[in-house]
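Two complexes follow with chain A in common, the first pairing it with chain B and the second with chain C.
And then the complex of A and B:
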């Protein structure tokens, strides 16, 4: 076999580099894919006015939540539930935020049981200004909620500026949400 | 032995049959009007579940999927057209919920991509054939030279086990 003389065909460079090029292109896509977060579906409500809604307060707690409440000042709306495990992760942060009195946080109690929500707030602290009780989750759907927790930043005109999906961590708050609040208050454009 | 085992198995399965409805997690109440229900079902199949992302809301057991199924049924009953009912959901969750993405500026590549690749394949095939036809044909059927004959004979003789 090895003695068979195959006629040497002139070899060009690019066909030999082709596999490398293909590997680099595919590798590039895969590398970019590493930092994608397919679980986070971008909200279509960014820049739009908050949906029209009017939710009752939790039992024995004053102040329900409705669309009109979200006009007039920059605020956060946190979607939470007593059955939501990762809500407990972010909750201490909202308690701290309340102590610092930087921005009002309203609660959207999503598909929860009233008394259960109240005892959850009694146990872990109540950082909210207003809390609306969304028993059936319909208002949640209007807000495009698909998982709890979610947190929305609302500007003074009552428009949704950004949406944070999943528990808010210290870094999200300090580097994303609070700078955005500051920018909005100064009349600037919030990036988040 | 095998038959009795089989018979027992069949009996066991038959006895379990009435339990089947209890196994499915989210049991929806279908609409009374079968035509409306069929429309609602068709819409459910087009909408992607946001929780278990590669299922339609028809297939998903997630509670949000169930809520959305109920919502679609309500919209249809309220007199929404299929498009209006779908738009209602898309207004809240975006094009992402459509299992079949619409043709738009951002999705053109997605839709035309396969065609583009096919075109690329055809073009490279054409080039390949052309080059092959242009290349000097290896004289496969040319008679062997005396030297080659001798080598062939040596190989054949050598390879013979007898």
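And then the complex of A and C:
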């Protein structure tokens, strides 16, 4: 071949439709991707006992949080901080949950300033039973926290059953966490 | 009040954009000059309105108006002014507004300075631009309103992520967007040409400056981003093949290909189909980049706030734009007949090879970026594709690009002589062989791949210089004659020389810094020293210092080489309050041979500190090379040819309107 003529456009339609087809296939995958949650890496702690810890209470607030507190009943542990914007999104939901008295929620105050956390709770309401202050984020590391907020479901033996990353939305609570709480209480296996 | 004004301006801008997207298009089809004429004022008014909206948001940031939710979530009264301003685009809503602002500025530039475009063609271009604007305006107004109020207003804001409080990052997004959005011009021109059913040399002459400008901005934006990562993140790396980085790199690769193929359209009236397709794909990849960053479908170190509703909206928009334009392409492509026939060994052939390789490289990056998503969707497995994949696939694809980019400019159009071109590159060949031998002697203990790597970089630079020397007939005619040639030769050709030499510098920087870097992690007590390659770092102690909105620990290190002191380096470890976060400020000392890089970490509790040092040979060649590439692009942009545009087509413009009118009449 000595000469090239690249302008010889394909007479048939289908080769010209190829870019469109590729684009649509990628589009389909992207659409599927929207409902996937790539950040929800299955935590290695699922099924394991909560790490040993003992955290002090927030200033002028009774009840700190330690591993022993998580044994004996099903509970939620919510990792929060006053500097975390998304925490404000999920917070009203925890307030409602407290009013409904379905399951105790404990707080893990992550890398926060004590007084700031207290005034944040005063402003937005305090839905927590116990709150442990993790000033340096040491306990957070043991729990595998890598973003705030995160919420853990703990069974009566003090084992981590599931982990929710990001703000808890109405749907997450009603369709995932609360059914799991119910299943655990009835002695069944919780799936989430 | 200002916030409401900004919001209102956006609503008005949407109405104007809707008119601009439809009426001029119909006008061009019907041959109605009045309707066609509407495009220009509409584009200018739209630009004014979006500017007002952007100004209103900036005003809210500068005056720290925390009754605006966006300001309260992302700003803080104690922040320095520069970061109050850059905070405007340091968040989802604001960055979209910046995207829009740049889009309408480009539109207004076509309206104001595109006087040499035939009116119906310009109307079509502006209508396509307005369609893109409609998509983004609806997105901003319905899912990401930056002017939402927060009542009662908090006393102070949440602050901007301290990592983003940095001059390098203050300007990284605007340049990146100027690049992304700049490619929308090439896209609009391509779609308008498909509607008209004609692409010719004059078309390429309009598209080229826009593509070149967008390419320069994108290159600068990517370079700034990687420079920021290098000195701010404190890992000493500068490119991580992270999905968000790839999102900006893919349009760059496609845009580089477009830049080269449009030369063929302009000079030889050939490769039209492919160039139009490439223009569509380049902008599609820019949109895909926006989608990947804003939707959170991929895991990335760039933790942007994500919201599924927004993802669905951008995806829908993406599909309308890309599928729409590609369908138009499928239907109309045969209308574009090309002229040039050429032999495989020719300037055209070289540019085709460049395009093939760059597009393949781009497809490889796309595959690697989306593969985790494909796998997750099909099997549910969660994986990440990291640097090993990209180094193994992308690297080998670029080697022939670099070998060929030296030869291509030496080949004549239509039919060339490969042997002759190679003979004309004898100086470059000698330089590359010399570099090979010299590296072999200096770095005989490997790594082996680095040796041809350095030679490749030298080959590209030397060939760029030799090609320029041939242009001047240097040393073959009297020096005065060469000087005359220097003044007369087109700037675009010099742009090529600079940009190609810049690429060679980037290669050398990448190869040298990754092959011969020395890294030391060490716990040091005051007075102790550590050897890093030929350098000795002595820890003089750490002292607390206070910044405007952070507290910090500053370490002092005396650096010596063979007993002679060469530098005092003071890295910092900063703690910000709003929001609480620790950042590292690496101390970097740039010398001729490379960078010394020092980081101070946490105290270990017994009086010693964790520290990290690097010696990175020639790493600044990466950014110097990138800047040289940008300079080459800008130099080429200043070429007279780009400014005097395409008078050749003016005469035919009346005919176009008439033909359109008669076609509509039928």
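Please note the rule applied: the second predicted complex is superposed on the first by the 156 of 192 C-alpha atoms of A that agree within 3 Å, B and C clash if a C-alpha of one lies under 4 Å from a C-alpha of the other, contacts with A are read in each partner's own complex, and residues count from 1 in each chain.
The rule is simple: a residue touches a chain if its C-beta (ideal position, glycine included) is under 8 Å from a C-beta of that chain, and two chains touch if they have at least 3 such contacts.
None of the values given here were measured: they were computed from a predicted structure.
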item: Touched partner set for A:16, first chain B, second chain C, both or neither; value: second
item: Which of chain B and chain C A:24 touches, first, second, both or neither; value: second
item: Chain B versus chain C as contact partner of A:83, first or second or both or neither; value: second
item: Which superposed partner A:147 touches (first chain B, second chain C, both, neither); value: both
item: Partner chain in contact with A:33 - chain B first, chain C second, else both or neither; value: second
item: First, second, both or neither for A:111, with chain B first and chain C second; value: both
item: Partner, of chain C and chain B, that touches more residues belonging to chain A; value: C
item: Which of chain B and chain C A:45 touches, first, second, both or neither; value: first
item: Common interface positions of chain A, toward chain B and toward chain C; value: 7, 9, 38-39, 41-42, 111, 147
item: Of chain B, residues touching chain A in the complex; value: 50-51, 53, 63-64, 67-68, 71, 90-94, 96, 135, 138
item: Interfacial residue positions of chain A with respect to chain B in the complex; value: 7, 9, 38-39, 41-45, 111, 136-138, 141-144, 146-147
item: Chain A partner contacts - residues on chain C that touch it in the complex; value: 73, 158-159, 270-274, 277, 280-281, 284, 291, 295-299, 303, 305, 308, 311-312, 315, 318-319, 322-323, 326-327, 329-330, 333-334, 336-344, 348-349, 352, 370, 372-374, 376-377, 382, 578-580
item: In the complex, chain A residues that touch chain C; value: 1-7, 9, 11, 13, 16-17, 19-20, 23-24, 26-27, 29-36, 38-39, 41-42, 83-86, 111-113, 147
